[in-house]
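Below you'll find the structures, each written out as structure tokens.
Common to both upcoming complexes is chain A, partnered first by chain B, then by chain C.
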Partner chain A sequence: MRRLIVVSFLILLGICSFSVLGSAGTSDQEFVVAITVLGDHFDPHRPPGNAAYPLMAVFDGLTRLNTDGELCPSLAQSWEAVDETTWRFHLRNDVSFHNGEQFTAEVVKQNIARMLDPKEPRASYFFSSIVSYGVVDDYTIDVVTVRPDPLMPYKVSGLFVGPASMVGNPKSDQFNAHPVGTGPFEFVEWIKGERIVLRANKTYFRGAPAFSRVVFREIPDASSQIAELLVGGVDIIEQVRSEFIAKIEASGVAHIAVAPGAQNQVVGLRPDIAPFSDKRVRQAVNYALDIESIISAILGGYAHHQATPIHPSDFGFNPDVLPYPYDPAKARELLAEAGYKDGLKVDFAISSGVGGSSYAEVAQAIAFQLGEVGIQASIVSMDFATLRQRLYTDKSISPMYCWNWKTWFNDPDIVMFGLYYSDTYSNMIDDPTLDAMILDARFCMDAEKRSALYKELQALIREEAYYVPLYYLENIYAVSNRISWTPRVDERIYVYDAVPAGGVGK
Partner chain B sequence: MTKFVIRRLLQCIPALFGVVCVVFIMTHAIGNPIAALLPPEASEEQYHQLEEALGFDKPLGQQFIGYWRNALRGDFGSSYWLNQPALGIVLQRLPATIELALAALLIAIVLGIPAGICAAVKRNSVVSTAVSVVSVLGMSMPDFWLGMILILWFGVSLRWLPISGRGGVEHLVLPACALGIRMMAILARLMRADMLDVLSQDYVRTAWAKGLRRSVVVSKHAVRNALIPTITMIGLQFGALIGGAVVVESVFGWPGAGRLLLQAIERRDYPLIQAAALVLAIAFLAINLLVDLVYGFVDPRIRYE
Partner chain C sequence: MIVIRRLCRSRLLVVGVLLSVLPLAFAIAAPLIAPHPPNEQTLSDRFLPPLSSGARGYHLLGTDALGRDLLSRIIYGAQISMLVGVTVVIIGGLLGTGVGIVAGYWGGAIDALLMRIVDVFLAFPFLLIALVLMAMLGSGLSKVIIVLGLTSWVPYARVARAQVLGVKEREFVEASRAIGAGRGRIIARHIVPNVMSSVIVIASFRVAAAILSEATLSFLGVGVPPGTPSWGGILSEGRPYMLVSWGPTVFAGVMIMLTALSCNLIGDGVRDLLDPRWRK
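So, the complex of A and B:
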């Protein structure tokens, strides 16, 4: 009996002491990124989704966006619009793939063909406007769009290029087994659900990366990510909750980096059913909410109130369109005008998958403030898949719901299309004036005219109040003190940007 | 014995059929996954094309028959999310979950059973009280919370053990403890109760009267007889262990099938949910069959006819 206990204790002790020898830690040359869900593929031509960070490290696009979201040369040195529907890209002639193959216009052509292959469509909807493409010479390629597409140079920052030998191969899983690109890092291994390991491409055309190895580790739990950061197991974590900031700053091993995010947080008001089919009720909700207080009290100030889902840094931002002021008296007045003198009851659908970890508290504050003007909002919580299904396909979402939409390329096009354009299976807004203006702006190659259209659109969507634009969150990152890294406005972690703190630059 | 195993294996078939049916009906009852697959900019026409391609436009009964027709050929469909055969993905992630569950089981058995025996033999002693207190604590702590505490103590403060990921034995210790401690507590309590019962039996008194040593009385006469209900409990609790693995794998970033199942549910990836549920159900049935076979070794009176 006693012997049994002693043996069990020794087994555990043995395990523990063994582990002390092999405890985790990163070397000076290694850069470890924690992500909640590791990418699900390594195919350069499928929409990146969760795979974006590793894909951006292994592959290059024709163009790239810098930290501030500005368009910069990458595989293409320059580009111009030959006519309204043709973009010409002049490519670099000094680039080769990790496997030694040469990068040429012909390779780009094969990549576009694979991406748009109708038998196995992969491309994100960004590229749906491409109708043809042709090689002009070894290092020049034309991309022709069905209608003018002013954003094409931005979109091809996501046209990742693989070598001819893999792109031409019908076995589509090759990229998942061992991706080969031109990027700053080469593929080493991918242990599903656990880690992706990359090593530096010493001959990268923009200069060798500062770290010789990059590891992406899947750590789903936010607290575990912070624990790993504190013991030096990872170097960077994203989406840090504001209440952890003080602890991280005080730890002495990591610091906080903040950048304005790209997610527009809104409350949707269904204009197709009562009570929000009446514009006055929608406006009343806008007047009833004191969003500035919500931002300072719940979000620790790490968010920016906005008048429309267009950011101040976006193309065509209209500074004259201001958010609805907090005016509960006006809200009551509008409700009375609309026939809801005695108030109204409405369901408010929320999900933990939308709006970040503090959204439940934000929703409670919203419900409370609406209650003050006579709108009784009952919060209905559901999982993200259910919310999305009720919103997009079943159209059975409650009249009020939380939602968000990401801004791309510092341009209003995608967000306007996603939130307001009627001719999709998902939207419930049906406003022909808006539709016409959104399409006009989308196909307008004249920057000045396009900017004017968006300015006008912002005034219009503020007036119509189909959504309550709440805020866009600041992205909060925790970064190890041994790393120097600046967060990007597009919320992505581009590992090539990281350098050792006070160490060697690229 | 062989006959018994064959009969038990045959009994598994309706159970597995039931699992697949329930999972199929439950996933399809909540709707279709098209909203998760199609970008919102897609048109009505593209929506219907995808609906047709995935077969969601057909009546549920027809989808069900189609599913079984493929399943019987070993084709559980391709994961919508990962774009690969669903069964293959699950089998790839299964070893990690089995490793974790077995380690937790080992901790529960190695610590729980001796603790229970000890508490019964030293009745009304400090040891007995300590075992009772620890068992109550172990049963009341949610595994994710325990996981956090273990990470804070052994990972962050003491830095003895790695916090997350899968690697050597050291990576296994914390998640296995987080998962196994509740079961350890249950086994310790059960073992203590059964031992107390057995120790008061006549044949134990006879053994004492024969002048046998205490270790012989306890291990040969008492423990073997007290072990049967505990073994049953191990089989039953294995299901809870797999359920707990879903949470513990997330806390510790353990790349197992439990976390995969959770991610599949979040994404409405029906083929993956069905394959994962089926594989985990097979694991559960296999462990229970094993438990039934162990009875025979522990108690020779049990014969498999």
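So, the complex of A and C:
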């Protein structure tokens, strides 16, 4: 009868997720963030990934982006372009690290050196244009780029700064054991797979934070996250499915906050192998999909259909480039022209790590709609690490795969490089015209010319249809009524932004 | 008549067989009785409650997250569960019984070696081995069957070996050997028939285990691909939406439970039936 116990377990799993998992109730001064999976490191220079929110709480960049994505001073008070390729940053002289060490230009120099270390996994994709950097005086530093880089002041918002005593070590051990930064919160403890606890840095240079403690709790299951929120165990959860909005709003203990996300969801179509080496087949896939219906039915309308991965709010957005219309007849026609009159079969790789919480359903809807025009897409699901490895290193990903890339700084540069430039790790696209235009736009200091280049690029990538641009999601957060917090355009939870709803603290 | 009367005296067996009627009927006649194609989506009819009508007709059990008819998916899901249950038991049973007979009959070093392999398999939790193998092979129905088959032979091997050890010293085996019967003939005519009754009992229990294992793997996302109507898959796809729509999780769970229960009852019944003490 042991089998029966297993069966009951399976059935009850869902029900159990609603049970209250021993919540102590938060004090007025504690702020608890639910995280699906905590990051695996606390190193300021590694790609942040899931560790981003705790990193942002403990460390500061030279600049920072506010809630709307605008550039603001942080560790650097001001900056200027000394010449076309040199950016000069004037640093604050009143900042010290949590361990008492002083913040100076020399420390920044050591941090850049550690960030650019080619032997370690670093978040250096922002900083690849840096060729040299040098201390001008104790609180001034110059950064020289290979060609003009108009986005450098934005990019250094991601240059988290650690103290001189720790950045000498290329490995992450010290930072993982006890990270030390200049940020609004100091490290207290990190229990792997369970929680990260931080306490307020009362002497933070932008003012003491409103909460004396911040806890990041790992809660993998979406239903458990909602249950915890409703009983007061956590204060904020992200990636709420639209189906739960009414229930949360009706609870009286939490409210919904919505903001457009930055993550561009796409379906990749490998142009280097059959069948998608033929442009007509790629376009056929675009015509075959009724993205608007998918958005309104599965995503509750909380997403925006895109013609290209460039957002309407981005620099150089081209309003004349429209998404492919839903036209199954045209899709069949194009397939027949390309020689696939009797349809074709293709594998479609998906991963739970890409595309938001409802992606499994979206992928099945895509497969079904493709089936209607004769493209039999078999869904192959894999874990995110496998998907990334097949895409980045093995180049063995199936012809069709789900993928996404984030828009940074309201600018097309990063996403154009990430998705379309031939010489980046994830692409099988090799289009010299595209490459030349992407490079020209990246290093163009003349805003008008640069904007025109991007407008032209959008028309080109729509025509070539290397991807099916799906949508960017409206990020749906549920926030406890005890908390006042506004979502950020970069999709991150910056705990310093949160204040108690009554305005207590700070 | 005597056989039927004897069968009926085992109440467990009768209940088990009655319970298995529904899943078996689903599996055999799925295309005939399913009211809708199992993968036909109607995005405007998501999460219809049981006993409701949508754009494509009546939905007795409602619809799932993509507006697919839940009853049809559960009916087709029976095919996958039965297919997995039966093929896994055949693969595991043949492999395990073979290993057990070889180990028991030959004895010595071969026996020691094979039984240490059995110990190794027993030392690892089944799910761990299955997850590792699935990660290596990739997902898919055929791979689920292979993985479950290759990980489920151990109980057969142990039972078969124990039976062989008992049988091979019996007089009728020695008599055959005395009149010059070969090893193959002895195994085929004397050993195998005496081992089979125990193996069949184990097999009937293992059908339930295999169905549950497929559900577990699909539930964890490494079993059959998304979209394939399997009970475990329906259960896991429905779980995030339990607050909105309880149908998929509950109905798929009930079917898994019914099937596992009926296999277990049949197993109990068959064991009682084959037990000589019970015959008196």
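Throughout what follows, the second predicted complex is superposed on the first by the 464 of 506 C-alpha atoms of A that agree within 3 Å, B and C clash if a C-alpha of one lies under 4 Å from a C-alpha of the other, contacts with A are read in each partner's own complex, and residues count from 1 in each chain.
Here, a contact is a pair of C-beta atoms (placed from the backbone, for glycine too) under 8 Å apart; a residue touches a chain by one contact, two chains touch by 3 or more.
Just so it is clear, the model here is predicted, and its values are computed rather than measured.
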Which superposed partner A:378 touches (first chain B, second chain C, both, neither): second
Partner chain(s) touched by A:423 [first = chain B, second = chain C, both, neither]: first
First (chain B), second (chain C), both or neither touched by A:297: second
Dominant contact partner of chain A by residue count, chain C or chain B: B
Chain B versus chain C as contact partner of A:223, first or second or both or neither: both
First (chain B), second (chain C), both or neither touched by A:360: second
Touching partner for A:247 - first (chain B), second (chain C), both, neither: second
Touching partner for A:393 - first (chain B), second (chain C), both, neither: first
First (chain B), second (chain C), both or neither touched by A:350: second
Which of chain B and chain C A:180 touches, first, second, both or neither: neither
Residues of chain A contacting chain B in one complex and chain C in the other: 1, 4, 8, 11, 15, 18, 223, 383, 386
Footprint of chain C on chain A - complex, ascending: 1, 3-4, 6-8, 10-11, 13-15, 17-18, 222-223, 226, 241, 243-244, 247, 293-294, 297-298, 350, 352, 357, 360-361, 363-365, 367-368, 378-383, 386
In the complex with chain A, residue positions of chain B that touch it: 30-36, 38-44, 46-47, 81-84, 89, 92-93, 96, 107, 110-111, 114, 117-118, 121, 148, 151-152, 155-156, 159-170, 172-173, 214-215, 218-219, 250-253, 255-256, 259-260, 263, 265-268
Chain B partner contacts - residues on chain A that touch it in the complex: 1, 4-5, 8, 11-12, 15-16, 18-20, 22-24, 37, 40-41, 47, 124-125, 173, 191-195, 217-221, 223-224, 227-228, 230-231, 233, 353, 383-386, 388-389, 391-394, 417-418, 421, 423-427
List of chain C residues in touch with chain A within their complex: 39, 41, 43-44, 46-47, 65-67, 135, 138-140, 208-209, 212, 215-216, 219, 221, 225-227, 235, 237-244, 249-250, 253-254, 256-257, 260-261, 264
